[in-house]
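Both complexes shown next keep chain A, but they swap its partner, so chain B is in the first and chain C is in the second.
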Partner chain A sequence: MTQLDVTEAAAGATVIRGRARARRRRGLTGRSIAVLVFLTMCALFFCVPLYVVLTTSLKTMEEIRQGQIFALPETWTFEAWNFAWNEACSGITCEGLKVGFWNSVRILVPSLILSISLAMVTGYALALWEVRWAGTFLFLLFLCAFVPLQIIMFPLIAITRTMGVYGTIMGVAVVHSVMAMPVLTLIFRNFYKDIPREIMNAAIMDSGSFWKIFVEIILPMSGNILIVVLILQITNVWNDYLVGVTFGGFNTQPMTVNLANMVTVSTGTATYNVDMAAALLTAIPPLVIYFMVGKFFVAGITAGAIKG
Partner chain B sequence: MPRVSFEHIVKSYGGLNVLDDLNLSVEHGEFLVLLGPSGCGKTTLLNLLAGLTDVTDGRIMIGDRDVTDLDPKDRGLAMVFQSYALYPTKSVRGNLKFGLSAAKLPREEVARRVDWAAKLLQIEPLMDRRPSQLSGGQRQRVAIGRALVKHADVLLFDEPLSNLDAKLRTEMRLEIMRLHDELNPTVVYVTHDQIEAMTMATRIAVMNGGVIQQFGTPDEVYERPANLFVAGFIGAPAMNLRQGRIAKADGGVAGVFDTGERIALDDYAFARAPQEGAPIVIGLRPEHFGAPNAPLDGAAGRFELPLQHTERTGSDATGYLHWGDGLLSHRVEPGDAARLRPGDTISVAFPRGKANLFDAASGERL
Partner chain C sequence: MTIRWTRIAPQIALTPALAVTAVAFVGSILWTIYLSFTRSRRVPDYAIDWTEWTRQYDRLFQDAGWSTALWNLITLGLGSALAIVFGFVLAAMIDREKRGEALFRTVFLYPLAVSLIVTGVAWRWILNPTMGLEATLHRWGWTGVDFNWLAQGDTAMYAIILASIWQSSGFYMALMIAGLKSINSEIWSAARLDGVSLPRLYIEIIIPMMKFTFLTCAILLSLGVIKAYDIVLAMTNGGPGQSTWVPAYFVINALSQKQNLGYASAAAVMMLGITLLVFLPLVLLTAWQNRRREAQ
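Then we have the complex of A and B:
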């Protein structure tokens, strides 16, 4: 405060420069240090286990048996990673995690396309067009968003069986899409609700076509929300276990199920390095996607569209 | 001949009537300005015409088509929105082209029209930019261009100039008037800026509270306001409106203000014979007063009052005199204004035949 008083007494340019300095100095003291300490502790809380997992996966079994879990590996080896990816046994098949990885990818792609495209168009219609019973429909969606999977598990099994997709990749994808629809639709609807009404009115006068407006005007403005939804949905689908283990067939189980089988049902001694490597392999894909997709965030989707 | 008419229009939002039995018709090629304070229903009326909201009751005709239930794109209108509403992800060219997407024109025709509009509005160098890369005035022109490419017979403007600075606003005003002269569409132009209304309109509809208060040429609206609302709303500085009574003496008619001053009303064209003692409101435009402390031949009345302050607005100046519990404003030459001192008693005269009279109870012109 004294700093401010002094600078306020000063005149002209010194005032401005003094204020800027005061603000910067305040930014580094007091409260912010407490925040920094807290954040560092949080980071450590996550980093220590990660460190252990990572180093263990790079060690040989002999080294692990010595029991020094915080030590760095003496000989760095990717042997365990290779084994986990190509050879580790899950149940009776011994082809490694790559089977599960590709299954997960094949589940992910259709479930993303299905859920996002449906939710997007529904959200667009609900937000920007006059839909009869829109309010009731939104309320139902809101309720559905809170229904846990376990409650509708049996009906869903029956439905997918009737559709003939139970125990297939498509079955898993469809269930994922259905489960994601309420939340995704609400997200898109709320996003589109903020598009200025006059842009929509202009488009209605210019074209009047539901699809043309969607494809040419609304879709290009949806970049940011698509990224958010992609991240949300990829994490959901990739990290899912319950849907995969219930609706996946024998050879169509996702990576998480594959991993669980590998870690829990392995015979003989536990191969910690392989388990750790497998766990890391399963966790990496969403991370890679975050970093890739995050780059596409853009600021101000309606910049320049309206005045002021 | 596209003649636009509103017939018995009712628009209500959840039981609240924003417009109630409104009738209005605009002739072909006319430049109609809807003028009124904020919230009086101007945008609502325009949206009803454009088909963006549905009427609760009544009929809208364009030419001899009943368009009340037609889709917006089928009404043959083009609109420039209050907020421009450009498509942010499209280039200027893309914005103009999209304006034609309902028309299903051959590609060469689309290109020809886009080029024509770009040239007319001098936005050719900007055609590949995004709206975010344009200045306010340029965005404005793109918004107008997107409406013009449609070659619609009826153009709607919703306060298109309200967010521009004064200089740009004057420029764009001239540009829109030039476009109207050149292309001669029927225009419905919404504004709450009375200078825009007075300069651009062929006719003005003054609205308040969803009701059209007066519909006439700018001169009519200014010279013969139909009621107290119009009298107070049109003109800056506003007309002096004061309560008084009719007094008949020596065969002449005069108005006596509650503050005691008299003003001769012999030249006033009464619609009905005035009643002795009838309560009235007398309206005196500031610019009709004679120069301060100067004689005026045949003055209808004279006011000797102390000056409160003077106000200089560019080419004009206004003096404000203490008058009862209010003020009397009168135009003065800027040169004279500098010589007047607050507190001095000033004498100003009002000429014959210029006063406006309203019934004190109904507010209607007498």
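Then we have the complex of A and C:
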């Protein structure tokens, strides 16, 4: 079908389209009922794991052993939650998930500051200033964005060990920042490159220096993109396992590593209610962010995926 | 002076990022490639025995665990591709039937916010043979069903695929909705006017128009599958036996269990090779898209 056909047909259809819209809004047709039923069933499929995990975490072990995974708890109890948070064993320490939770928070803060400030300045310089090798560097970043951690794992261990941060909170945060740098830089660069040339020229004429323009003009314009990147990076770091388990030390492992140890290295009988409570506790922070500011979350993952 | 500073300041600002790229990415990749030709075991050994410098690779190709890992990679890739199909169906339905769009989008996308470790733990519990889904279905009288996938080597991979589809369908749905929204709205009315049936409209017009979106999804999926480690660890930890090993798991295993640095490096270089194989079309695609955008 050529472009011309479409436009001609469309011109003729404008009148009819108006009527079609009105009809669609008026009532439920058989087809839309079928679509809605299908979508609802899919939605139930997506909710089943969350429902099962939540109800299991609120049951007692005797009830779980009855093997009715979809049943609501007969006696609702938060004991498993309390146990998972305060007492559950991960490896040889039995201080619960709270250790991992605070480690994750302590990893998160420096890694956010490091990665975002580095990516922001780099993106700004590449987008708005004339750097001769900018194109080559951007292509290199594009390649680096997809490098799996395994390929640079040993060298990074050796480097962080020489720097003296291997096995510390700071080490995990630094590796997170390094791994995130290419994608975040590309996101910032793509955002800044749409700033009109005239603004930049005027700013430079106004004797604005590199840093002055950044602080006075660019930073105040970056509100939205900053939130998007912040949320992207919070969920990435929080949900990471591999960096944490490789670069985290004995007492500096993030929550996901704690959870995995708790669940896979089982000593004695498995307590599924505690496992599920631990899984939920780990999932709650990113889920809260998702349900509160989902729009920014979606913007972040799609920007990270396509432009990255 | 001012003119010179506008030249130098951005270059200074770029130094940290350049240093990170040069050391942590380019340098480290070359380092790993070098190590893959050595006989390093627990600690790096930088001497290369030139008479058999490919020994790590020779061993790798004879390793049954590695070929299992490669086959599993293909299985996982093909299986998770269902997530793209599923994502497209969901996107098409949500886009046509505007009712409840926000709600459905929120529900389909929430698994993506959750760590893959959590996803793995949840699905492993659901697939628990004595207390999970299977026990419940047997209690309901469907004694024929078998959901004890994780215990058997030939079905364990399907469990991982199921969990991956659950986790990532929403992501592809989001990309597809963006693709559908960018289609000229006049096509819908033109098709209705011409009396084109709905299945024909999708198969012959909409899907070909969205080939770029589909290709992007396929490449992103492949790159994601190569990196798949967390989900395997949380669901099967590579087992039973070696039946759910994937290359990403193989490398970590060689590095931390076998403590064989040279061998792990060789496997990691192969991973990089696979990544580049998938990556090349992405580069061409982006270049093509940019040229098309400039032409418009």
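Rule of thumb we're sticking to: the second predicted complex is superposed on the first by the 249 of 308 C-alpha atoms of A that agree within 3 Å, B and C clash if a C-alpha of one lies under 4 Å from a C-alpha of the other, contacts with A are read in each partner's own complex, and residues count from 1 in each chain.
The working rule: contacts are C-beta pairs under 8 Å (C-beta built on N, C-alpha and C of every residue); 3 or more make two chains touch, one makes a residue touch a chain.
The structure presented is a predicted model; accordingly, all values stated were derived computationally and were not measured.
> Contact-wise, after the overlay, does A:289 reach chain B, chain C, both or neither (first, second, both, neither)?
Touch partner of A:289: chain C, not chain B.
> Identify which of chain B and chain C touches the larger number of residues of chain A.
Answer, by number of touched residues of chain A: C.
> Identify the partner contact of A:211: answer first if only chain B is touched, second if only chain C is, both if each is, neither if none is.
Only chain C; A:211 stays clear of chain B.
> Report for A:199: first if it touches chain B alone, second if chain C alone, otherwise both or neither.
first
> Let me test your reading of the model: by the given contact rule, A:74 touches which partner, first (chain B), second (chain C), both or neither?
neither
> Taking the superposition on A as described, I'd like to know which of chain B and chain C A:49 touches: first, second, both or neither.
Once the two structures are laid over each other on A, A:49 reaches chain C alone.
> After superposition on the shared chain, which partner residues are touched by A:87: those of chain B (first), chain C (second), both, or neither?
Neither: A:87 stays clear of chain B and chain C.
> So, A:221: does it touch chain B (first), chain C (second), both, or neither?
In the superposition, A:221 touches chain B alone.
> With the two complexes superposed on chain A, say which partner A:32 touches: chain B (first), chain C (second), both, or neither.
So A:32 only meets chain C here.
> Need the overlap of the two footprints on chain A, from chain B and from chain C, as residue ranges.
Shared contact residues on chain A: 204, 207, 209, 301-302, 305-306.
> Residues of chain B touching chain A in their complex?
47, 50-52, 71-74, 77-79, 81-90, 98-102, 130-134, 136, 139, 146, 163
> Spell out the part of chain A that touches chain C in their complex, as residue ranges.
Those residues of chain A that touch chain C are 1, 5-7, 9-10, 12-14, 16-17, 20, 32, 35-36, 38-39, 42-43, 45-50, 52-53, 56, 64-70, 118-119, 121-122, 124-126, 129-131, 137, 140-144, 146-156, 158-159, 178, 181-182, 185, 204, 207, 209-211, 235, 238-242, 256, 259-260, 263-264, 272, 275-276, 279-280, 282-283, 286-287, 289-291, 294, 297-298, 301-302, 305-306.
> Considering only the defined contacts, which chain C positions touch chain A in the complex?
That would be residues 2, 5-7, 9-11, 13-14, 16-18, 20-21, 23-29, 31-32, 35, 44, 90, 93-94, 96-97, 99-100, 103-104, 106-119, 121-126, 128, 130-133, 135-136, 139, 166, 170-171, 174-175, 178, 184, 186-187, 189-190, 192-194, 205, 216, 220, 223, 226-227, 229-230, 233-234, 237, 248, 251-252, 255, 261, 264-265, 268-269, 271-272, 275, 279, 283, 286 of chain C.
> Across the complex, what residues on chain A touch chain B?
196, 198-199, 201-209, 212, 216-217, 220-221, 300-308
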